[in-house]
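In what comes next, subunit A is part of two complexes: it sits with subunit B in the first one and with subunit C in the second one.
For the complex of A and B:
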């Protein structure tokens, strides 16, 4: 005899069958499995260090000499703003950041606009602009170091012997007035290619109809650029702006390789001071606090950039 | 460092004498990597059995919490590596009180490496064809100025490069030891640069930088002086005198000479060695010590000395060195002094370099520079534990 038991269902209750439940559970499990590697990566390499260094920033902890971190509240944060090395590094980071931001954004936009035209050898130009991205920054720094060498470097040779203007030759990296400019040039050289590609992608996203309609209405050349193309790139500005702000303020490799923060402290940047404090003086608590201060400043600027972009986009809409 | 110390040869020697034992050498990029090691050691773990540090004073900080082995408490000083077999006071470079925290390897001292060719060109050689020893820094400045080449107002070849990069404080220590006979205050333990003798030197340095006689290449590239000297592009470089044998193949053995900086023949200079340390957390301490004894303290040191000017620390091998610069260099090493073994020496070195560069480039006057430097020393922790 076969007995079949059917659970009574209310009229408006959806009928749930067992295979559906199993399917959902399987779907859920496979979903978890799919996100697990990414979650583990984010947890182990980002979230945990972030929380751990956040806690560390409220402690006094020299890991060579102290047995355990000692909680000291906000003391490290207060100490940072009274530390002339940190405030100098912060000021230098801002100087680098402002010039880097303006140079990279303006140059990339101009190059992208040029590449957007139908030029001969366009593919070659695009590749050429992109090439610096594949060169490791530290290696590029070493090459720049030799180019800028005062007595035997290529730049001074060109200025003095080729262009016959020896008075322009400088000890570029050993002079406080030109060292910062030199590392900004390296940073910009390495970054312009990537930002140009982002701008190009934005330009290619502008509808062809819009461009043609503008031309039919008499907007050509510079007029078209200023009245049609540039306003259409608002979303790209947010993206490129965010990327450039982050890269500008987290500068580290360029001064580390080219000037070691010198001469004196003229190119000392925040992350270099954090690195020295953590890995030369072993003062993890104070280094974490300095890192967090810069992290918060970056966050504020990125959010500001996002909202300014959004407000303008809303206005246009 | 691996190449300079011929470490592959040391390993080959050791592995041949100890079948079944394998030594793996791993290069670390710079001294900052030591912090990662120290973090491991403080957790009683170590992925290294031996660490070689450049400038053993760096190692002194690991004495805290007994992170490294005291060789006096091991069998290291037995047999061929007994204390009496070490050259002079070599072991004192790496000891603090009665703790031998590192084994020295490769003796070096700061002094002037000079290229005789330029001195001959400038008519600066004496009747015997030797470079006369400068009596003071004014005289040294004049020599450097005589060899400085200009094209209009532009200096195309400075007369001298001084190490004012990451090792600027070592240079200051060397120079002060030479001109004053000490770099300590009267208490013999507090570092000071605010002395009449050092002020005079600083004045000459500033004058040399302003005139382009002393190059400031080392601000941006610590190897600039050494590279240019080895390439035969500058007459003098003041940093480790080990560059003399290093440059011999390119500028000629007869032209590459040690020139005593003012006062150094009497008072010495800054002396240092690389240091071999064994982490307390190493699980193979006995084998590590055996490797140092048999591999590192072997005749490989002779080749290292001849090629790179790092003098052997074991007497037998020291005696095998036959080079014109050996005596001059060793006479200096004998009376030279190591850097102060302070816990905060790394901070003094980094911040001191920044302050000196600011003074030399005119961002600070000499009084501000020295006041800030003395304040830095004052607030730093001068203990080693």
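For the complex of A and C:
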């Protein structure tokens, strides 16, 4: 869930050279034994599948018809970029990704700044923003589906009857643009709390001295925010940015539950297309290739985000 | 005396604060307004489903609707319990409880290994494990499906429990590793002097001290597995084997049972929300810490 920078483990102390070699060897092997069970799980369900699916992406393998995968080189990858469904899904994923990224980053930062003021009722505001983190996303999707229902849904009721603007009420999920907007809103609703926590942690990390020094210099309000606080959050941007990019491109549950990719293919996303290819058409080779393309895109963006953050930080230093 | 000195120091600051209070009264008002609107937006879906779960079928489809139920009824909850949603609940509970126990056990073993028993190549193994966090789950699904098909684990609770543990482990290991690193080495050394073996030291001395990390792993993993959708969607086809997160979505088109569906959704959302309310401080601190320190 969280992206973490891993610092290499430094032993607490330089390993003492003990006279008895047996003791040393036992220390070595017990470390391995402690890690082994967890590593086996990760190997069987993640590392092996990663390699296996990489191999399968170079094969033609329909689980229902074919006896064994047949090696076909890069054909699946070429086919993917000729496939209108895949390119549509790719474009939709990017549209979703850009709006999701901007919405989540901007709202979370603003909310974190507001919560950081420690106003009265802060505990209530925090709980309200954080609670969607723990709600199962697919069930939240069902609730949103209901809210957006054109005839007896909450949104149209509020727009039409409460705010008296019936011209705004519409069948939200039957129109391509509003359907896309709807899944973005669900995604943002579910994610903003988490990213806000990360921003709050970053804000708490700014030293009190920096803030006081700024106040002495007469920086206050908006000025303080823009000149002192926002620039001090460099590391936090890398963290939240990475998290948000990954989650933006991994969008799956929202369109699966709310739109099934529709209307037409207007909210079909890559993750969903991989899932459908694998588990509806059982075209395992092609699905693996599309999954790998998505994985590579995420990897490139994450690395890019990391280096941009680093270069900026170095420039300041 | 010390306090007096402090007070003297603070005096000018308080002066300036008082001046600021007036000017910031207006901005405080706006802050509250924005936060209230946000709180309403974030809570609206949850309150809406809760209120609807107490409405009778007629009232749910009534146009224009009333937000509060006119007549509060428990008929949806009664129907929910009798209508075979029990399977979904049982599957979710089995997968979550079993998955969390295994994840806590394995991650506290591995976290201890990484933190206190460094061996050659440990950092490489740790990096590999962490790197899996960035890989989209969908890449693992096809081989997972083929493997489970091979050994007959599709459509079983165990078949969902095991991959959920694997997917939860990398983050859990990071948390446990951080909590073991934070324990001063003297404590373990004194246990070594007493002649305790490594397994005993882990169980009797270190594990109780890493309690906070374990609580965090339990909470985070329960949320993750209780709400997990992707793996369950791929590895179960038989509704009887599905957890709540997937099973309930099959009913999204079935208009006639909206009231019952609302009641079941409320029941499914309740456990994580209650845990959240109890442990909120712990969770927020833990997420922030886990994310920053790693």
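The rule we apply is simple: the second predicted complex is superposed on the first by the 297 of 317 C-alpha atoms of A that agree within 3 Å, B and C clash if a C-alpha of one lies under 4 Å from a C-alpha of the other, contacts with A are read in each partner's own complex, and residues count from 1 in each chain.
One rule holds in what follows: a contact is a pair of C-beta atoms (placed from the backbone, for glycine too) under 8 Å apart; a residue touches a chain by one contact, two chains touch by 3 or more.
Keep in mind that what you see is a predicted model, and the values were worked out from it rather than measured.
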Q: In the overlay, answer first, second, both or neither for which of subunit B and subunit C A:80 touches.
A: neither
Q) Who touches more of subunit A, subunit B or subunit C? A) C
Q) Touching A:152 in the superposition: subunit B (first), subunit C (second), both, neither? A) both
Q) Regarding the shared-chain residue A:117, is it in contact with subunit B (first), subunit C (second), both, or neither? A) second
Q: Could you tell me if A:233 is touching subunit B, subunit C, both of them or neither one (first, second, both, neither)?
A: neither
Q: Return first, second, both or neither, reflecting whether A:64 touches subunit B, subunit C, both chains, or no partner chain.
A: first
(Q) Between subunit B and subunit C, whom does A:251 touch in the aligned arrangement: first, second, both, or neither? (A) neither
Q: Would you check which partner chain A:109 touches, where first means subunit B only, second means subunit C only, and both and neither mean what they say?
A: neither
Q) Counting only touches as set out at the top, which of subunit B and subunit C does A:184 meet: first, second, both, neither? A) neither
Q: Based on the superposed arrangement, let me know which partner A:50 touches: subunit B (first), subunit C (second), both, or neither?
A: second
(Q) Give me the intersection of subunit A's contacts with subunit B and its contacts with subunit C, in residue numbers. (A) 63, 145, 151-152, 160, 275, 278-279
Q | Touching residues (chain side subunit B, partner subunit A) in the complex | A | 31-32, 35-36, 38-39, 42, 61-62, 64-65, 67, 151-158, 165-166, 215-217, 219-222, 224, 228, 233, 343-344, 346-347, 350-351, 353-355, 357-358, 360-361, 363-364
**Q.** Residue ranges of subunit A touching subunit C (in the complex, touch as defined)
**A.** 1-9, 11-13, 26-35, 37-39, 41-42, 44-50, 52-53, 56, 63, 111, 114-115, 117, 119, 121, 124-147, 151-152, 154, 157, 160-161, 189, 192-194, 197-198, 200-202, 204-205, 220-221, 239, 246, 249-250, 252-253, 256-257, 271, 274-275, 278-279, 284, 287-288, 291-292, 294-295, 298-299, 302
Q) For subunit C, which residues count as touching subunit A in their complex? A) 20, 24, 27-28, 31-32, 34-35, 38-39, 41-46, 48-49, 52, 60-65, 67, 106-107, 109-110, 112-120, 122-123, 125-130, 132-147, 162-163, 165-167, 169-171, 173-174, 177, 181, 185, 198, 202, 220, 223-224, 226-227, 229-230, 233-234, 244-246, 248-249, 252, 258, 261-262, 265, 268-269, 272-273, 275-277, 280, 283-284, 287-294
Q: Report the residues of subunit A in contact with subunit B in the complex, numbered from low to high.
A: 63-65, 67, 85, 145, 148-152, 160, 166-167, 169, 171, 173-176, 179, 258-266, 268, 275-276, 278-282
